[in-house]
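Here chain A shows up in two complexes: once beside chain B, once beside chain C.
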Partner chain A sequence: MTTTQENRWIGVSAPRREDAPLIRGRGRYIADIEPAGTVHMAILRSPYAHARINGIDTAAAEALDGVHCVLTADDLEGIGDFPTIWRLPGQKECTTPAFAPGKARYVGEPVAAVVADSRYLAEDALDLLDVDYEILDHVVDVEAALADGAPVINEDMGDNTIIEYTFPGINALGVAGDIDGAFEEADEIVSGRFKVGRYSGVALETRGHVAEWDDLRQTLTLHSGSQVASLLRTELAAALGIPETSVRILTPNIGGAFGNQWDRYPEDILVSLASMKLGRPVKWIEDRREALQATVHGREQLQEWQLAASSDGTVLGLKGRVLSDQGAHLHSVGIGPAWVTGAAAVNQYKIANYHCDVVGVATNKTPNSTFRGFGGPEAMFGIERMMDKTARRLGIDPAELRRRNMIQADEFPYFSPGGAVYDSGNYPAALEKALEAVEYDKVREEQQSLRDQGVYRGIGISSYIHVSGFGPSAILGILDYYTGGYEGSTVKIDPHGRATLYTGMIPMGQGTETTLAQVAADHLEIDIANVRVVWGDTDQTPYTGFGSAGSRSNVAAVAVIKAIEEIKAKAVRIGAGLLEADPDDVAYADGRISVKGAEEMRSLSLADVAQQAYWAHKLPEGDQPTLEATYVYDPANFTTACGTHVAVVDVDIDTGKIDWVKYVVVDDAGTIINPLLVEGQIHGALSNGLGGAMLEEFVYDEESGQLLSSTLMDYLVPSFTDLPDFEIHHLVTPSPHTEGGFKGMGEAGCFPAAGALANAVTDALSHLGVEADQTPVTPSRLWSLIDQAGG
Partner chain B sequence: MKPAVFDYSAPESIAEALDLLAEHGSGAKVLAGGQSLVPMLNFRLARPAHLIDVNGVDSLSYISANGSLRIGAMTRLTAIGESGDVAGAHPVIPAAVAQIGHRAIRNRGTIGGSVAHNDPAAELPAVLMALDAEVTARSVDGERVIGMQDLIEDRLFETTLGDTELLTEIRIPAAAAGSTFGFQEFARRHGDFALAGVAAVITTDGSTITQAALGAFGGTHATRLPTAEAALVGAETGDAAFAAAGAGAAADFPATSDVHGTAEYRSHLINVLTVRALNDAAGQAGGGNG
Partner chain C sequence: MAENMSVVINVNGAGRAVSVEPRKTLADAIREDLGLTGTHLGCEHGVCGACTILLDGEVVRSCLMLAVQADGAEITTIEGIADGDDLHPMQSAFSEYHGLQCGFCTPGMILAGIDVVSRNPDPSPQEIREEMGGNICRCTGYQKIVESVQAAAAVMSAEGGSA
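Moving on, here comes the complex of A and B:
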C-alpha cells in the first residue's frame, strides 16, 4: 500500500516521460511517416513581393516523367479559404486562401503545387512551371503603407488599414479614466518611439503533413504537426467541403511549435486536396527556406507612447499608438497579438488613465500571426522602456519608480484599464526578490568604478504580466473571437485500477504528458506509472476549444481534476455498496476507498472497486458500468502570471558587442506542477525572448521587397554560447480563480526579456544618452547609435 | 531544397580526378568537404552536370613541414588546427582555424575546399594571403604554382583556377625569424562567418617594425591591407603606428552592407580589429614563436 506522501505528485520534479523515446531515437515525426504509395508535394512560391498572376503554363511540368499532378488556383473550385477567427468590430474581412488569389502579395505566397514520385522530381517540375507575373509596386514598411498613394495590397479593403481599434474599447471591460486631464496635470510628459522587430518561432522541425484520402470509405486522415488538431479538423472539413466526421487528424511528436503551429495554413488544404485528387497518400515537408518565408512571422510593431508623470514619480496616464505590421493578409487570429499589446500595456502599474489606438496595417510581407507571447512581449518592451525613460527624466532610480507605481498585493482582483481582470500576484515582492538576487545596490556601485576603467556596465529591470489561460469562452465571445476557451479531459480507470487520460492538448515539447499525468496521479493518489496519457488523435481525444497554446496546462489540468472528482465520487458510491456502508461514511484517500475511521479494517483499493465497476454485478442504482468520466472545463477567469527580470550586461563601445554578466528571473506562475519542467520552460522562453532582443530578425529589402533573412545564416537563432546563465527564483501566489491555483507559464519567459536587455544596454550607455529603442539590438545598430552620440 | 540532377564520380587517385576534369570541364564541380557546395546544390544555386567527389583521393591529405609548410588540399581543418607542425611553423593558422564554423564543420571542411570556394568571409584565403602562400594546380596538361593574390585577385566565390584544374596543395613559406601574429574577427555568434576579420603578422627589429603582412576578410573579397602595412613598416610598435594602420585598414577594406551590418560599421570594425590584432602581435614579441 502506498502512503499519501508517496503519491502526491503536484510540485514534484518528475522526470519527463517523453524523454526516453525522444532521446533514444524512437520519436516519430511527420517526416518519419510514409504510408505505402506516398507521393510528394512541392510548392511554387511567389518570388515577388507583389505581382499579378496573369497565367501559369503547366504543360512542361505535367509532361515530366514521374509527375502526378499540378495544382493551381484553377483547381480550387468548391474549395474554401481558412477564416480569420478573431474578428474585432470594424475589422475588414480577410481570409487565408490556399493559393495567391490572382496576385501574389508576399515573397513566399503559394502560387502552384506539384505532386511527383519524389520531392526531387517535384522540385524539378517546379522549375518547369511558367508563370506570367506582372510585377506591381510593393510596400514593406507600415508608415509607407499608410501614406497616400501607397500600393493597395488587398483591393477589396480599399486601403492598407485593416482595423483601427481604440482602448479602452467598446468591447473591453476597462474604464477610460480622464486621459486628457492626466496629461494636463502632469509635471513631465515622456515620449518614446519603439520598433519591435519581426521574428518568429523557427522551430527545429518545420511544418509538414501526410494526407491519406480513402476514396472507398470517403475519409481523410491527416498526419499533421498542427498544435490545435480540433480546430484544424473543423476548418479543414469546411474548406474541403466534406463532413467533419470524415476527417481524422493524427499528431505525432512535434519538434517545436511556438504558437506558429496554432494557425491554419494553405498547405493544410493543398496536401489534402492533392490526396483527394490522386487517391493516394501525399506528403509535404516544409523545407527551411519555406519555413522562413511561409510560416507566420510575429511581433513586428511600431509603437509610440506618451507617459504623463508627476514629479514624485506617480504615473498619471499613458497613451499610445501601435502600428501592427500584419503582413499581406490577416491569418488565423487576425490582429489578435496587437490587440493583446493594447490590453496589456499598463502592465503591473496603477495607471488609471489610459488610451491606446491599435492599427492593423497590411504590407507585402509574410502574415504576422500567432507566436509565443502573442502581443505580450511587445507590450512589455514598450512600457518597460517607458518606465526607464521616465525614471531617467525624473532622476528617480528605475527600481524605485516601479515600486511607487506597482499594484499592491492586496489590490486584487484588479480591473485594468486595458480590459483584463488581474487575478492575483505580488508584484513588489517579485521586484524586491529580483533586486536582492542580483545584488542591485552592489552592482550599481561597481558600475561607477568600472566606468572609470572603461567598462560600460548596465543594469536593466523589466517587470511583466502574462495574461494566460485564454480564456473564459464568454469573454472570447465578447471579443468576437470565434472559438471557445475550454479544454476537455476524459479519464478512464481500467479494471486493474490504472488510469488512462485522454486530452485534446498537443504536446510540443513543454512536457504536457508528464504534467497531466502528475495532476491525475496526484488527485487519484496513485503511482504516476499507473497513469497513461493519450493525445494526438481527434478520433479518441476530447475537442479542445482553444487548442494547446503553451500556457494551457492550467486549463487542461483543471479539466483532469474535475473528471477525477467525478470518478472518485462514483468509486465512493460503488465502494460503499461493497463495504456495506453509507456513502456519507466512505471517503477516497490514499488511492483507496475506505470507511472513515476504519481505514485499516474496511477498505478497498481503487482496483477492487474498478473491477466491480466493470463486472457491474451490483452497481448502485443510477450508476452506469465502468469507471470513467469526461469533464469540459471553461475557466472562470484568465490567470495572470507575473514577475521581474534583471539583466546585467557590459557593452563594448568600440564594436557594439554586448556581453552577459548576469540574468536574474523571479517568476510567479501560481502553484507549480513540476519545478523541473517550469525551469526548462523559462530557459526556452527566455532564449526565445533574448533571441528576438539581440539576434533574430526577418529583414525585408525596401527596394525589392525580398526577404533578406531567408536562410539560417542570415536569420540568427541563439545558441547556448549567446545566452547568459539564468538564475531563477520563484514566488508562488496561487490563482484564486482556478482549481489547483495554476497559472500558465510556458510563454512568460519571453515577455520581459527584450525590455531587460534594452534597459541594461541603455543604462550602460547613459553617459552618451544612447537609447536602445529598436529590437533586435544588433552590434551594427548599437554602434551606429554610439557613433552618432559621439562615443 | 533538393539538388537538381547531376552525375557523380568518385575517383581514388589524382590522375583519375584530372581525367574526369578534362572530360567534363566547366560542367563539372569538385566536391571536397562539401560544407559550402552541398548547401549550394540544395538551393539549386549550383547546378553542375557532373560532381567529382575527391574525398576518396587519399594522396591529397597530408601535412609536411620541411622548410616550407605543404598541406594537401583535402586535409581536414580539424587536422590542420591540431597539427603541431602547423602550429610550430605558422601559429596564426590554428588561431584562424579555431574560428571556422563549428567542430562538425571543421571535421569535414578542407583547406583546399575553402581556398577554391573563396567565400569572401572565409578566414583561410585572407590568412594565406598574409602568409604569401602559393597553391599548386594540376591538370592533365601539367602543373602550375599560383600565388594566393593571383589566385583570388578581387574575386568572390570563384578563383583564377581553370575549369580542368584541380587544386592539390597549399605551400606556405617559412615565417621570418621573430615574427608574431594577431588574429581578430567579429561575428554575431561564435562560429558564424565574420562581419570583418584580420590576420596580422609582424616582425620587429627591437622596437621597429621591419615586416608587416595583413590579410582581411568579411568584405567583398579577401584582401591584403597595403595602406596599413605601409603605415607599419619602419614605424615603432605602439599606439600611434597601430592607430595609423587601423585607419589604413579601413581605407583598404572593401566593406559592404548586408542584414548583419552596414558597410560603415564594417569599415569601423576592421579598424578596431586591426588595432587589436596588432596589439596581440606586439604582446607576443620577445616571448614570440621565432
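Moving on, here comes the complex of A and C:
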C-alpha cells in the first residue's frame, strides 16, 4: 500500500452511490432508452437444430403496413463476422456470423430480422416470413458428435472436433512431470466420470441495443449492455466496414451480465446495420425465450479423470480428458473456458504429474462461451469430487486427504503443472478455518446418530483456486488470446480540487463505481463525495484491453492508484514552486501539499494547486497546464483468490430433495476494498454456482434437437427458498503482484459450490454408494440414483 | 388490427388516460404510454416478478394483464412509493442492507416486500423467503434482500405499520 495516511475508505463498507436511482425506479436500462423516431427490430430464429436454408420469401412481411425493412443473409454483403479471439494452436477457423450461413446450426440461430414501427408489429411480420428449410440430421450429444458418421455441423472443419489441446502444454517453466511413472508407482488408481451440466448467467435483464446512425456525420452510436465496450467498438467497426473512430458505444445500467455480455453477438451487427440502412434509431430487446436460446450458454463438459495415489493419501498424478460441448460454433472466447479447466484442475494440491486432453466439440446447440467462473467451476467440480472419491477409497477423512496434499503457505510462488503461477494464499489455514466454523468433528458425530434416526446428513468440502485479474498482456499473447490484459484510468482534478475518474470498467451491479471512488478518495486523500466516476462512454473513457468482469476491478483499481500517483507528483512540483521550496522538501499528505516539517505554516490545499495548474501562470518547467493523468496498467501477473467452502445438507431419500443445514465460506481475496459489496458478490456468485449444482439446466431433446428449457418455467433459476443463508469468513493474504494487494473475487463463489453440494449429497448417501457425478443434482436425478442403488 | 381503446387508470395517485391497442400488456402501457420505466420486464411470462406493481392494493404481475383490464383501477408503481424526497422505509432498507446489485429486480422486490409487511408486520426470515418466492433475483442470492425486508418491517411497524 502506498498511501501516506491511514485508509479512510478502503476496507470500509461505503454505501453504494449506484443505489439512489435504482431504488426509485429511475435506473436507465437499455429498454428504457428510446430516442425520437425509434423503430423496433424483431428476429426470426431457426426452429430447427440443423437445417439448410434454401430461400426466404420476405414479400408478405415487407408489404405489412408499418414494416420498414426485412434483413436476411442477402443483406450481409460487405459485412464481416465476429472473430473468435482466443485462437489456440491447432484450432480450426471459426467465427460468429450475423445470420445463419446458408444453414441453421442450432435452435435460435438468427435467420432474418424485421424492423417495424413497434415491437408488436415487428413480431406480426415475423409470422409472415416464409423460410424454405431443408431439415438435416442433428446431434446434441458430445460423444455422439465424435462418433463415426455423425452429422458434420461445420463442413469446412471436416468433422466435429474443433480442437484438441494437451496439458501440460504452454508451460514456460517446463513442469511436465512423469505421468506414466506416477501411475506405475500408485497404490490406488481412482477413476471418475463427470457430467457438468449446461447452464448460464440468465441475467434478469435480457440483452438489447439501440443503434443510432447519423448519416450526415457518418457516426454510429450504439447503446448496449456489453461488458466490453472497447472490444465491441473495435470488432463492430471492422464487421461493418466503417472506421472505428465513427463508432461510439454508450452503456446504460446493466441488469446483470455474468460474463455472457462479454461476447460479441450477431444482433450487435444486425441492429447497427438496420439503423445504417434506415437512417433512424433501431431498438432491439431480446425476449426471454431468445435469451435462453441465443445468449451464450456455459459450462457443459464431460470429464474423465484418473487419479494415482499412494496408500498414505499422497496424490501422485492426475490424468484426464475433458470434452467441451461447444455448441454449433466457437463464440468470442473459443474454447477458453475448457482451456482454463485444464489449466486449473490440479487446484490447491501438489500434484507434480499431470496430463489432460481438452477437446472442443461442435454440437447442434447454442454456443457455449463466457460465463461467470469461465472453466474454473468445472475444474473444481471434477477435482473436488475426485478428492472425495479417493478419500473414501483409501479410508481417509476427506478433510485429512486435502490437508496432506495442499500447497503450503511457504511454497509461493507456486508453479502449477497446469501452467499457472499461483501468487499467494494460505490454503491449509482456509481449510482449518472452514472446518472450525462448520464444527466439523461435531457434525461428523451427529451424522452417525442422525442416520440411525433416518436423517441422511452429508458434509461436503470443496476447496478452490480462482486465477483472476487476467493479464499480463504478454502472457495472453503466449496463450494466443488476441486481446490485452490491461486497464486504463484517467483522473482529472478540476480547478476546485475535485476529482473525476474515467474508467473503462462497466458496472454490472457489483458496485464498481463505489469501489473505484473509494480507492481514488483514499489515494488522493480527499472526501469520497468529491470523487465522481465516469463510465460507459467510449468517447470519454480509456480503452480497456480486456473489459469488465466480476474479477477485474482489482486491475482497474491499480490503474486508478497509478494515475493518482502521477497527479500527486505533479501537484507536489507545482506546489513547491508556489511555496518557494525545493520539491524534495514538499510532500502530498491529507489532500494537501506542504513543506515537510512546516505543514502548519507552509501548506496548500489540492484546490489551491489545481487552480494554479489551470491558470498556468507559473508552472514548473516542463509541466503542462491542468492537473490530470492517464495510466494504463498491465498486470505483472495473475492473482489467485482461493478458499474452502463446506456444505452440510440433509437428503430426503424418498423424494431426492436436498435440504440445507449450513453453508460455510472461507475466502481469501486479498485486500478487500468494500466488505459489504464483497459479501454481496460472494452471495451472488454462490447462487450462480449452486443454481447450476442443483437446478439450472439447458435440456436438449435428443430426438428433435429442441431446447426444452426455454422459458423460466422450465429453466429453473434458484428462488428465495432454494438457497441457504451463507456464513462467510475471510482470510486476507494480500497479492504480492498488485499494488494494494487486491485480488479479483467477483466470481469466486461459483467455483467450489457444485463440488461442495455434490460431495455433501454423496456423503449423505454413502451407505447406498450413490455418487453425485452429474450436475445439476436435481431431485428427480437424485431420486433415480437412490432408486437404482436400492435406497 | 383492432382499434385502439381508451383506458383510464389512477397511477400513483393521479388519473391518467391512455389510448392503447387491446392486446397491449399493462406492463408495456406503464412503460411506454405512461412513461414509468421503473417497472421492468424480465420474462413477460409471469415467473420473475420484475414487473410487480400494486393494483387496487394487491400485488400483480403487470406482464400478465392487458392494459384494458386495468381500466378504472388504481395502480402503484415503484415511482409512487416515496413521499416526495422521503424514501419509503423499504427503499432505504434495500440500500442500507445491500439488498440490490444490478437493481433490475429491485422495483418488483420492493413492492413485493411492502406487500409482505403489510400483511405480516413482523415476518421471520423464513416467512419472507416463502412469501417472496415469486420474485427472482439473479444477483444477490437473496440473503441480503431478506435482511432488507426485515429491517424495513421494523421501521414500518415503529412508524405505525403504514405500507
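Here, the second predicted complex is superposed on the first by the 779 of 791 C-alpha atoms of A that agree within 3 Å, B and C clash if a C-alpha of one lies under 4 Å from a C-alpha of the other, contacts with A are read in each partner's own complex, and residues count from 1 in each chain.
The working rule: a contact is a pair of C-beta atoms (placed from the backbone, for glycine too) under 8 Å apart; a residue touches a chain by one contact, two chains touch by 3 or more.
Worth saying up front: this structure is predicted, and the values here are computed from it rather than measured.
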*Given the touch rule stated above, what does A:D410 touch, chain B (first), chain C (second), both, or neither?*
neither
_First (chain B), second (chain C), both or neither touched by A:E600_ = neither
*asked:* I'd like to know which partner A:Y120 touches here: chain B for first, chain C for second, both or neither.
replied: both
*With the two complexes superposed on chain A, say which partner A:E155 touches: chain B (first), chain C (second), both, or neither.*
neither
*For A:E580, select first, second, both or neither according to whether it touches chain B, chain C, the two together, or no partner.*
neither
*Who does A:M713 touch here: chain B (first), chain C (second), both, or neither?*
both
*Superposition-derived comparison: chain B or chain C, residues of chain A touched*: C
*May I ask you to decide whether A:D287 touches chain B, chain C, both, or neither, giving the answer as first, second, both or neither?*
both
*Based on the superposed arrangement, let me know which partner A:E205 touches: chain B (first), chain C (second), both, or neither?*
second
*Touch check for A:T721: first (chain B), second (chain C), both, or neither?*
both
*Considering each complex separately, which residues of chain A are in contact with chain B in the first and with chain C in the second?*
120, 287-288, 713, 719, 721
*Touch list for chain A against partner chain B, complex*: 119-120, 123-124, 127, 287-289, 654-657, 695, 697, 699, 708-709, 713-714, 716, 718-719, 721-722, 778-780, 783-784, 787
_Footprint of chain A on chain C - complex, ascending_ = 21, 23-24, 31, 36-45, 47-48, 50, 77-79, 82, 87, 91-92, 94-96, 98, 100-107, 110, 125, 128-130, 132-146
*Complex contact set, residues of chain B against chain A*: 1-5, 43-44, 186, 188-190, 192-193, 195, 258-262, 264-265, 268-269, 272
*asked:* Under the definition above, what is the set of chain A residues touching chain C in their complex?
replied: 15-16, 18-20, 22-29, 31-32, 120, 201-206, 253-256, 258, 287-288, 508-511, 676-677, 679-680, 683-684, 686-688, 711-713, 717, 719-721, 723, 725-726
